[in-house]
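Each of the next two complexes has chain A plus one other chain: chain B in the first, chain C in the second.
And now, the complex of A and B:
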């Protein structure tokens, strides 16, 4: 029974690979959350004892909470901006045939290809030149820029999958172009819109490189704060902050799941 | 505008995509209350024509008039048309009632009036109990009727139907066809519809426009188009038929090169005739006057009748006949037949 043997071997190796992949995906989060619950003064896995003390320390730290809010605010505003720009770009690329359309599409996706360091350096020079250096607007533009590829891609796919006859039906029922977008196109694209927004938010929320380059004295984002903190000390407050971020992300995903169903989005 | 004026007029309408011609100089008038069908195989330009009336396709040249007004350059949302799409295009995120109210809302009808109109429309298509349902919860036939109600809610000048039955199964199709015709006639709605199904066209339409390769082959009532086809294409596309090509001699007898001969009512010269299978009948006995000998090439069983492919002196003819159980001829058998000369039609 040679074939049987090969089948079983394949099955077993498949199982091993899956186990390995899941572990690698899950382990960092599990380790961080476990470490954050330690009662000791050093970050260690497995944790020594169980306590919430580092969580209360994190919540009480104006340094970290300020950075968290700064990050949330920045990511939210940048998400709104990139969604607006991204939808317009995706709409134009999907619906119209204009000269330079392919180049425009490539341009919209290019922040994915250019290394973040190069982008940060370039933007730093550029902003210094136009006087946006070390400003909130500069940081906002930078973050919007790195979100755009995800938004344009996701919304472009959503638009391509949309049944165009539904829009024609709306037009036939006396809906003006903007009414068609408002009442038919956007509601039908809700899954794509949410998924694009989540991608965009996460991209900004986790970004270090660009924020380091464009960061200003007043606003420090959470990833940058964590990064700078690690350079000087290594206590479990970092793990607790990470734990908070993981919990918030999970909550958002659960809320979306309840509202529209993650399976429809991803 | 008087009642006699056409509701829809197409004047030398033309649409080209690059080098290919989708619709070639089409002129057509649709009268008030008329049910007109654009019939043809896929790619003949019938859907393009319908979409030019709705405004989704801009003609390369020519004019579209609706209720006497030139709408050639008018966007779809300013045209007085109501369209039922092939896939119905019901808005999946709206209930049946909201789907029907959509157009009313867009033209600013008051809420109370909207509700009344939606109810009237649902009554018209006999689905008042489904107002709160969503499209995905409806059967294909119900979806079609909701799409119809939605299109009629604005009381358009012309109703446009794009292959309205192609997504339904055969049994339902026939039933809904009759219902649709009754409904349209009851409200006296001018209707333009597109189909590739000749049976559907014959049964539904007041007038049929047969199209092929972007050109009009014939315009006429179902009887005219079926009984007196103008061209070879029409004869072959609508129903079954056999083509007889030959030369009419001085005695008024049509003779083919293979030796088949039959008297016809036509002037001498080369001519092409068609004959429908129902005009070819099995003869009671061989040797009677006007009788031909035929060899059965193949026989197809269709339940109510059999369709036979015959060889009559080298000429292929189709015949429809009903045989009692177990009495049908077999392929290769020789049988006597009669040809009803009244069924012979000369074509261009």
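And now, the complex of A and C:
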């Protein structure tokens, strides 16, 4: 039959494309991990032997470990800030009709569409004007800003799917509004809250496109440290540091997959 | 978001100390966005209108920066090159991303899980780590060259980095997940019954794809392509590290003008050109999708 041939062709090409895509998507991460385990002094292929020496070199390097902790601290604080602001915004957008509601929603989601290089330059110049340049606060503000759209969107979806009758039941039992939020709304929202927080954290932890403008000499985050290092030279210690970043990111994704299911964060 | 969930009572129904509750909730985020998103962009507009080469002790207003940009063939070429790469990357992302997104939407959850992790990891992994991985893959002593020379296909290591192909490859790998997820979310809303019905009417897969799936998936395809396009034209880390001095895109030229050459007014003007192109693209596509694919009823629903 004629149709069979086309069906088979499409099936086969689909299979090939999917295989190719999954391989390509994973290739950089797999190669970095493979390269980081070399025993050699350079990153030639195939590696000269297996060893953990570059990982111990990376862990002993104050330059990289300082940047790693700076990244973790920054991402944690920025996540808390953006979750707080994002929950209030999403709650207001979902529960109240107020003048400028649509405009506010567009504005809250807009850091997503402003090119990072434009936002980075704008903030760099603005912080220089108000005396916040190269400061930790500036970096924190920038990161909070770029996380906000993810948080507002994820929590907005969560709130829209929430069963309001449970809140009304609590109100009928004379629970005060804050008690309702604390005892009913927040626990029901837990999956959304977790996925928003985790995605915000990972976004901030890996961000280089904004940090490179705001934190060159002040607080240096790990991605920026890798960027400045890779511009001049690259050796296996960089692969080991990148391996640590991959491990952290993968662990976080696996944890969220266990907790709430990975399809929630997309 | 669905407006019907909002209470029927209008604004100002609930107040704390005379201030409407919604205002208290919105104010912190609105203040942050106004002060650190809107104000910096307005600042960039101001700087781009300085007449001189630096913004230091500059005064006056002029369109000189924009004139310089559009009258210099070098920069106009870069603009076209950036556009071209943006289109190429989004088309390749569509061709590669559609089958993956479609199959993800149709897979049972258990099989979907690991594949989804494969898609999300590159999305959340730091961009520098991804680019560094590609440097190792494509470098002079990288695995591709090692494989090529090892198999005797080429005599000596080839220059793979600093080519347009390499930049496009790396950009596609970075932004493909956005396309995949966009297609996945729209296809998972298409009822499989429609495909079975088409198959019962003796349509083969291709006809089903062209006549049933493609039209229904079009909003997702367009939004995915738009996202990939605007991310590509504003990329600067990838062209800088993978393209070196050979491949210039708008993003890395802006970075260079400001961070290396400190030509703030000119860099500000270029970044505003980039911002305007981005906003026009998004508005045009959103408007088209709204006009073409939403019935009046669904438009009301989506609002």
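Here, the second predicted complex is superposed on the first by the 246 of 266 C-alpha atoms of A that agree within 3 Å, B and C clash if a C-alpha of one lies under 4 Å from a C-alpha of the other, contacts with A are read in each partner's own complex, and residues count from 1 in each chain.
One rule holds for everything that comes next: contacts are C-beta pairs under 8 Å (C-beta built on N, C-alpha and C of every residue); 3 or more make two chains touch, one makes a residue touch a chain.
Since the model is a prediction, treat every value here as computed from it, not as a measurement.
Asks: In the superposed model on chain A, is it clash or fit for chain B and chain C?
Replies: fit
Asks: Just chain B (first), just chain C (second), both, or neither: which does A:139 touch?
Replies: neither
Asks: With the two structures laid over each other on chain A, which partner does A:227 touch: chain B (first), chain C (second), both, or neither?
Replies: It touches chain C, and chain B stays clear.
Asks: In the superposed model, does chain B or chain C contact more residues of chain A?
Replies: Per-residue touch count on chain A favours C.
Asks: Contact-wise, after the overlay, does A:187 reach chain B, chain C, both or neither (first, second, both, neither)?
Replies: The answer is first: A:187 touches chain B but not chain C.
Asks: Once both structures sit on top of one another, what is the angle chain B-chain A-chain C taken between CA centres, to the nearest 10 degrees?
Replies: 90
Asks: Check the residue A:43 against both partner chains and state whether it touches chain B (first), chain C (second), both, or neither.
Replies: Touch partner of A:43: chain C, not chain B.
Asks: In the overlaid three-chain picture, which partner chain does A:165 touch, first (chain B) or second (chain C), both, or neither?
Replies: Once the two structures are laid over each other on A, A:165 reaches chain B alone.
Asks: So in the superposed three-chain picture, is A:179 touching just chain B, just chain C, both, or none of them (first/second/both/neither)?
Replies: first
Asks: What is the contact status of A:97 with respect to chain B (first) and chain C (second): first, second, both, or neither?
Replies: Second partner only.
Asks: Look across chain B and chain C in the superposition and give the shortest C-alpha distance you find, in Å.
Replies: Nearest C-alpha atoms of the two chains are 8 Å apart.
Asks: What residues of chain A sit close enough to touch chain C in their complex?
Replies: 2-3, 6-7, 10-11, 13-14, 17-18, 20-22, 24-29, 31-32, 35, 42-46, 84-86, 88-89, 91-99, 102, 104-105, 107-108, 110-111, 113-119, 121-126, 129, 141-142, 144-145, 148, 152, 156, 159-160, 164, 199, 202-203, 205-209, 212-213, 222-223, 226-227, 230-231, 234, 238-239, 242, 245-246, 249-250, 252-254, 257, 262-263, 265-266
Asks: Tell me, which parts of chain C touch chain A in their complex?
Replies: 1-3, 5-7, 10-11, 20-23, 25-26, 28-30, 32-33, 36-41, 43-44, 47, 55, 95-97, 99-100, 103, 109, 112-113, 115-122, 124-137, 139, 141-143, 146, 173, 176-177, 180-181, 184-185, 202, 204-206, 209, 230, 233-234, 236-237, 241, 251, 254-255, 258-259, 264, 267-268, 271-272, 274-275, 278-279, 282, 303
Asks: Going by the contact rule set out above, which residues of chain A touch chain B in the complex?
Replies: My answer: residues 163, 165-166, 168-177, 179, 183-184, 187-188.
Asks: With touch defined as at the start, can you tell me which chain B residues reach chain A in the complex?
Replies: Residues in contact with chain A: 54-56, 75-78, 81-83, 85-87, 89-93, 102-103, 106-107, 150-151, 154.
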